[in-house]
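Shown next, in C-alpha cells, is the structure this report addresses.
We call the chains A, B, C, D, E and F, going by the order they appear; numbering starts again at 1 in every chain.
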Amino acid sequence: MGKRIVTLGEMMLRLKPPGFERFFQTPELEATFGGGEGNVAISLANFGLDVAFVTALPDNQLADACIRFLRGYGVNTSFVQRSGDRMGVYFLEAGANQRPSNVVYDRANSSISTAHAETFDWDAIFKDAGWFHITGITPAISETASALSLTAVKAAKECGVTVSCDYNFRKKLWNYGKTAPEVMTELVKYVDVGIANEEDCQKSLGVRLEDGDYETTIPSGELDAKRYEALTKKIFATFPNLTYQAITLRESFSASHNGWSACLYNGS
Amino acid sequence: MGKRIVTLGEMMLRLKPPGFERFFQTPELEATFGGGEGNVAISLANFGLDVAFVTALPDNQLADACIRFLRGYGVNTSFVQRSGDRMGVYFLEAGANQRPSNVVYDRANSSISTAHAETFDWDAIFKDAGWFHITGITPAISETASALSLTAVKAAKECGVTVSCDYNFRKKLWNYGKTAPEVMTELVKYVDVGIANEEDCQKSLGVRLEDGDYETTIPSGELDAKRYEALTKKIFATFPNLTYQAITLRESFSASHNGWSACLYNGS
Amino acid sequence: MGKRIVTLGEMMLRLKPPGFERFFQTPELEATFGGGEGNVAISLANFGLDVAFVTALPDNQLADACIRFLRGYGVNTSFVQRSGDRMGVYFLEAGANQRPSNVVYDRANSSISTAHAETFDWDAIFKDAGWFHITGITPAISETASALSLTAVKAAKECGVTVSCDYNFRKKLWNYGKTAPEVMTELVKYVDVGIANEEDCQKSLGVRLEDGDYETTIPSGELDAKRYEALTKKIFATFPNLTYQAITLRESFSASHNGWSACLYNGS
Amino acid sequence: MGKRIVTLGEMMLRLKPPGFERFFQTPELEATFGGGEGNVAISLANFGLDVAFVTALPDNQLADACIRFLRGYGVNTSFVQRSGDRMGVYFLEAGANQRPSNVVYDRANSSISTAHAETFDWDAIFKDAGWFHITGITPAISETASALSLTAVKAAKECGVTVSCDYNFRKKLWNYGKTAPEVMTELVKYVDVGIANEEDCQKSLGVRLEDGDYETTIPSGELDAKRYEALTKKIFATFPNLTYQAITLRESFSASHNGWSACLYNGS
Amino acid sequence: MGKRIVTLGEMMLRLKPPGFERFFQTPELEATFGGGEGNVAISLANFGLDVAFVTALPDNQLADACIRFLRGYGVNTSFVQRSGDRMGVYFLEAGANQRPSNVVYDRANSSISTAHAETFDWDAIFKDAGWFHITGITPAISETASALSLTAVKAAKECGVTVSCDYNFRKKLWNYGKTAPEVMTELVKYVDVGIANEEDCQKSLGVRLEDGDYETTIPSGELDAKRYEALTKKIFATFPNLTYQAITLRESFSASHNGWSACLYNGS
Amino acid sequence: MGKRIVTLGEMMLRLKPPGFERFFQTPELEATFGGGEGNVAISLANFGLDVAFVTALPDNQLADACIRFLRGYGVNTSFVQRSGDRMGVYFLEAGANQRPSNVVYDRANSSISTAHAETFDWDAIFKDAGWFHITGITPAISETASALSLTAVKAAKECGVTVSCDYNFRKKLWNYGKTAPEVMTELVKYVDVGIANEEDCQKSLGVRLEDGDYETTIPSGELDAKRYEALTKKIFATFPNLTYQAITLRESFSASHNGWSACLYNGS
C-alpha cells in the first residue's frame, strides 16, 4: 500500500435534521461524525491507502463510536489520544433553493483544543510515514492546538515526511488572540504542498493580488487560470519551501448545487 | 387559574438512540428537551395552571426551539434570559432488562451555569406568584448557579411566595469546590415544602437515621412510613422553617419498570 | 411589539405521505397542521410580532395538539373557541416533475363551519388590536362561516382596526348556495388592504379586464405591472374604501418549483 | 375453497402515533385500515377461504388504497360500493402500563352511514355464499345503516345462508334516537350463530343474569362456564332461532397484555 | 373489462437504501418487489384491465408477500406457481448528479430460472385471454427459462392470443451458453408486436443498420424517426410475422432525470 | 493485547422488519450482518482483544459493507478472502408473546460454502495466534466447507494453537449427504475446549445419556449440574483430547425472554 499517510485534526459529532427540515421540526437528528482532516483520511482509506488519523477524543462512549466509525473505513486509529473533556458538536440544516445551509457550532473546550503537543509520540506517528496532511482549521481552535499543529509539521519534516496543508480560513474560530496570518505564515514554512482558494490565501497568509498584479476580463466566480498563476507566484515568492500550490474554486449555483475546479502549480 | 407558579432550573438538549439501541447503532438520535424543573413546569401547565419557567439559554436556534417546546405546552417563557455560550446536552441510552440506562453528560459551561443572579428581575418574576419550585440540581452546577439559587429563594420569600425544593442529590455535578450540605443547608432555610428520598436527605442535607433512631423489620426497598416519619422528625428539627416534608421511594424492578411511592409529613 | 395583529380562519390536520410518495405506498403519513390564516399568524409571530389567531376547534386531543403547535410559535391562542364536532383534514401528495400535487379534502362539518358569530367576544378580540387579516376561504366554507366573516370585519372596523383580506377563490368550497361575488363584494366593503391574483379578482369580486381596458404584448404568465395597474383601477372604482391593493403572480415551473412576484398599488 | 363467506361493515382509516407515543409527539402517524368485520374477512382470507367484504366507500384515493389493502390479503372487494362523501377515521394512542389506550373517532357521515340497502345487489352478494357475518357496530352507526343491516340478514336467510353476528355494543355510537335493544332484538331474529361477551348480551339484547339465576364463587374476571351456560339459556329462550351462542371473556392484565377465553353453546 | 391480458416473467425482491444513500450508510433497506413484466401487469391493472401475471415463486413468506403485493393492485395471481428454492434479489443505490445508479444482483437459482414449461397449465392461462406480453429478460435467465418462454409464446399463438415482446437485452444475464440472437430470433417468430430500443434490436435480434442503410444529420441521442423507420424495415423483413414494431429512446440527462420517446410502425 | 484469537465461519446479511412487525407490513427491512463466529469475534474485540475473523465473501459492495462493519468493531479482516458468488442472507421476524421468532434462510451457494481450504494461507493466519474458535455450523454448510473446517483445526493444532468448538447442531443445514456425527467426530479430535448444550452433544457427536447413566429429580429445563457432569464424562471418554467441556442451557420463557446458564468441566 506504499508508505503511510497521516492526517491530524478534529472529528466532531455532526447532528442534522432529516432531509431539508429546519431544526426540531421533527424531534430527530441524523447523527454522524465529520471533520475536514478525518474526511480526507476516510477518502484515502477508501482508495485502499494506509492512512492514520491523529486526534484527541474524550474517554466516553460518543468518542468510542467515532473511533468505530473511522476504523470501519479502514483508517488506523491507534494514534487517537483519549484525553480532555468533550467532543465538539455541530448542528447543520441543509439549505434548499434560496435558503442557505445553516451551522450552529458547539465545539468550545473540545479534547483537541486542550491536547498538548508533547502528549503525542511523534516518532511513532511518523515512523514509516510518507505524507502528512493538516489544515488551517486546527491552528484556529486554540493556542494549544496552534502549538500542536506547529509541533506536528516540524516533526514531520524532521522525519523526512512530505507535508500538505489546506490553508482553510474559518473566521468564526480565530478567537484566542492571534490572527490567522501570525500563526499560519510560521506553519506554512514547513509545508511542501499548499491547497487553498483565493480568499484563504488572503485571509490565512495575507497574500493577495493587488492592482497591477493582474488584469482580466473573465467574470468573477469562473476559473481564471492566469489569475491563479499570478497569485501562486506571490505565494511561492513568500514561501520558497513550497513545491506545489493548488488553487481551488467553488461555484455556488444554489444551496445544494455547487461546481468545483482547481489549478495546480509546480513551484520547483 | 390562580396565582402563578414559578420554577427555575436548566433545560438541556436530550439526545437518545431509537428504542433500546446503543449509541450510533443507527446513525440517528431522538432530539427533545429535558430538565427536572422544566418538566415540572410542563406538567403543571398540562393541568391548566399558570406557570412560568426561569432559566438562561444561549442566543442560538437550538435554544429557540427549546423555548418553542416549552411555550407549546403553555409554559410562560417570558422570563427566560438569553445569555451565555451553550445549551447543556445529555445523551441517553434506554436500559433494557439487566442492562441499566446510560447517560453521557455534556453540560459544562452551559448558559445557566454562568448566569448571574443580578441579571434576573426577581420582582417581575415573583409579582403575582404564589409558589416557587427549585431543586438541588441547579446549586450543584456551579458557584454562580449556587448563588443564583440562593438569591431566588430569598427573593421568593421576600415576596411572600411559598417555596418548594426537591433536594435531589447529583453526585456527578458537585465539582466546583463546595459540598452539597454546605450549600443546601443554607438554601433549605428558605424552603417551606421539602421533597426528597432518603439518600437525598443524607447526601444533600447531611441528615440521616442513626442506630437507635429507628428499628424496623420491613425489607429495604419497601415503603416504611414509620422509618420515614423518624427521618422527617430529624429534618424538621434541623429546619424548623419547613411546613411539609415529602419522602419518596423508587422501587426498581428492571431498567424499564419502576414503582413509586411517597409519604407526606406536616411539620407545623 | 406594537399593536396586536389578529387573523381568523380554519386550521386543518395536514396528512402527507413521506417525500414524493403516493398515498399509502408506505403505511405512514406526516402529520402537521395548516391553513392560510394560521400560517400568516405563525409567520408574523416568527418575526416577533404580537399576533392572535381566532378559530373554532373541537374539544378533543387533536385540537389540543393543534393549539400546542400554534402556541409553540408564539401565537396567542386565547381566542380559540372549543366548539363543534371535528377538525377539518386534508391529505396531500407532493407533486414531482410532471405529476402535479394532489389534495383530498375531508373538511366538511368542521368546527369553524358551524361556529356562530355571536359566540366570539369581538370586543376582547379587537381590544388593543391594530390589524385584522382574513381571506376568501372562510366565507366559502358555509353560510354560518360567511356570516362569521362579515361580523368579524364589521367589528374590526368599528374598533378602528385596519383590515386586510386575501380574496383567495376556492372553487371546490362554494357549495352552500351563494356565489363568491354575492358574499365577497359585501365583505370587501370593510377591507382596507386587498390581496389577490388576477383570477381571484375575477372569481371572487367579479372584476375583470375587458377588451379595450388594456392591451399588452407581455406573454401571459409573466408579471405585467401595467396590466395589473389597469385591473387595480377597476377594483378601486368598485371599492373606494380600499387603501391598498396587491396583485400577486405565481409562475409554475414544475410541481415543486414556483416563482412569485407581486405589485402593490396605493388607491388613496 | 368451499362456499363463499360474506362480511359486511365499515372499514376506517386508522391513524396511530409511532410506538407508545402520545398524539403528535412526533409529527407522524402510522396509517393503516381497520374495522371489525373487515378484519374478520382478512383473517379468513389468510386461512385460504373465499371471502367477500361488503361496504360503501367514497370515490377518492384513500378509499382506493383501502380496497388495495383488502385485495392484497385476497379478500373479494367486487361488492364494495363507491358512494357517499367520506371514509371514517379513527386516531389511536396505544396504552402503556397504567395509561389506557385512547381513541378519537372522526367517523360521522361516513359512506357506510349513508348507504341505502336497496343500492346493493343482495342476490349477487349471497349467490354461492354459505355464511354471512355481521356485528352490532353497523346498526349503531345510523338509522340508514341499521336498515341496511336488517335488510342484509333477511336477504342472507332468504338465500339459505348461515348468519353469524357479534352483538358488540358500542356505547359511543348509538346516537340516532333508537336504543341498541330496540334494533338488535329485531336483527338477531335472523341470526344462527351469536357471539358476545356478557356485557354485550345485556347492553345489546337486554338479556342479563338476575339474582337467583345463578350463584357462583368464581371471582369476577375469570371464565365461569356454568355462569355463561345460565346466561346462554336465557338467550336461547328469547331467540329460539339461534343454533349456537358463544360467550367470550377478555382478561385485561395491562394496557398491552390481555387474555382471551370463550365458551360455545349449542342451542339446537 | 375486455379479454384478459397475461404477462410472464420474474418478480424479485428489490432492496434499496433510503433516499440517495450508499449501501448500509443507514442500517436499513427499503423493501419492495420489482420486475419488468410484473410492473407491466400492475400498470395495466391500475388502468382497470383484467390482467394475470404468470411466474414461479418459492413456497416461503417472502413470496407470500410478493403475491399479496401484486394482488393488492388487482393483478390475478392464480397462475403463480409455487416451486423452486428462492426468490431473486437485487440491491439498488439510486444515482445522484454525476454518480450513476448501481445495482447488485443476487438472482441466480431463482424459482423462475428452474421452472419447467410443462408445469404450467397453458390452456387455463390463455383461456379467455386476448393478449400475452413477454420480454427478452426471461429467456436470458437460464436454458429452462428460455424453453419456458418459447413454450409460452407458442401456446399463446395456438390459443389465438396476440403476443407482444420487449426484446430487452441484458448483457449480464446471458450466461448459460447460448447467445441472445440464437434464442430470440426463434422466439420472435411467434410475436405480433415488438418493442425495443435500437441497441436491443442489434444485441437481441442481430438486426442493425449498416453503412448505406441510412444517413442522417440528427445528433445521436435524439429521436430520429426516419432512422428508426429504416431499422424497422429490416426487422419486418426478417420477421414478417410482426404486425407492429415500436422503437423507444431514453435520453439520460442525469442519474435521476430521463426523457422518453418512441415511434410505432405498422408492418402489415 | 496478548496472542491473537482467530475465528472462522460465515457472516450473512441479516434482514428484519421493524420492531415486532411481520414481513413487509412496512416496506422496510433493518439491514445488519450476523453469524455465530463473527459475533464471537466482535464480542472479543469489544473486550479489547486482538482477534481476526476468517471467511470468504464475494467481491461486491454488500461484502464491502460487511467488512466495514467488522472492522468498525476492531476485528482484523485481513484474512477475509474475496471469492465465490454471493453472501448468504437470512430474513428474521422477531417473535412476540406466543408467536415464535421466524427465520427464512437464503444462504445456499454462499462464498463460504464454495471456498476451498487450500486457498487460505494457514501459516499466516495462525502465526502469533494463541486461540482458534470454530463451530458446528460451518461443517454443515457443504462438503467443501466441511473440508475447510477440518483443515483449519488441523493447521491450528500444528501451529500449537488452542482450539475451541461450539458443536452447534443445525438440522436445516446438513443436506449434502453426510450426517453431523460422521463429520463432527473427526473434527472434534482436534479440539481442546468443547462447548454445547445437551442436544448438540447428542445430534452433533452422537453422545447421549442412556437409562442408568444418570437419574435425577430436577425438572427438565432447569440446570442439573450432576446430569451435565455425567454427560461430560461420556464426552471426555470418547474425546480424550478435550481439556475442557462446557454444557449450556437456555431457558425459554417467551419469544423475547430467555435465561442462560452453563457448567464448565475440566477433563485433564
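Following the convention adopted for this analysis, a contact is a pair of C-beta atoms (placed from the backbone, for glycine too) under 8 Å apart; a residue touches a chain by one contact, two chains touch by 3 or more.
Because the structure is predicted, anything quoted here is derived from the model rather than measured.
Touching chain D and chain F together: A, C, E. Where touching is counted per the definition, the chains common to chain C and chain E are B, D, F. Chain centres here are means of the Cα atoms, and by that rule the chain farthest away from chain A is D.
At the interface between chain D and chain E, over half of the residue numbers appear on both sides, which makes the contact a same-residue one. The distance from the centre of chain E to the centre of chain F, each centre being the mean of the chain's C-alpha atoms, comes to 42 Å.
Centre-to-centre separation of chain A and chain D, using mean CA positions: 66 Å. Chain B and chain D have Cα centroids separated by 50 Å.
In chain E, 19, 27-28, 68-69 are the positions where the chain touches two or more neighbouring chains simultaneously. Shown are all chain pairs that touch, namely A-B, A-D, A-F, B-C, B-E, C-D, C-F, D-E, E-F. The residues of chain B lying in touch with chain E in their complex are 25-28. By the touch criterion stated above, chain E contacts chain D in their complex at residues 68-69, 71-74.
By the touch criterion stated above, chain B contacts chain A in their complex at residues 15, 23-24, 27-32, 60-62, 64-65, 68-69, 85-87, 89, 91, 102, 104, 106, 108-109.
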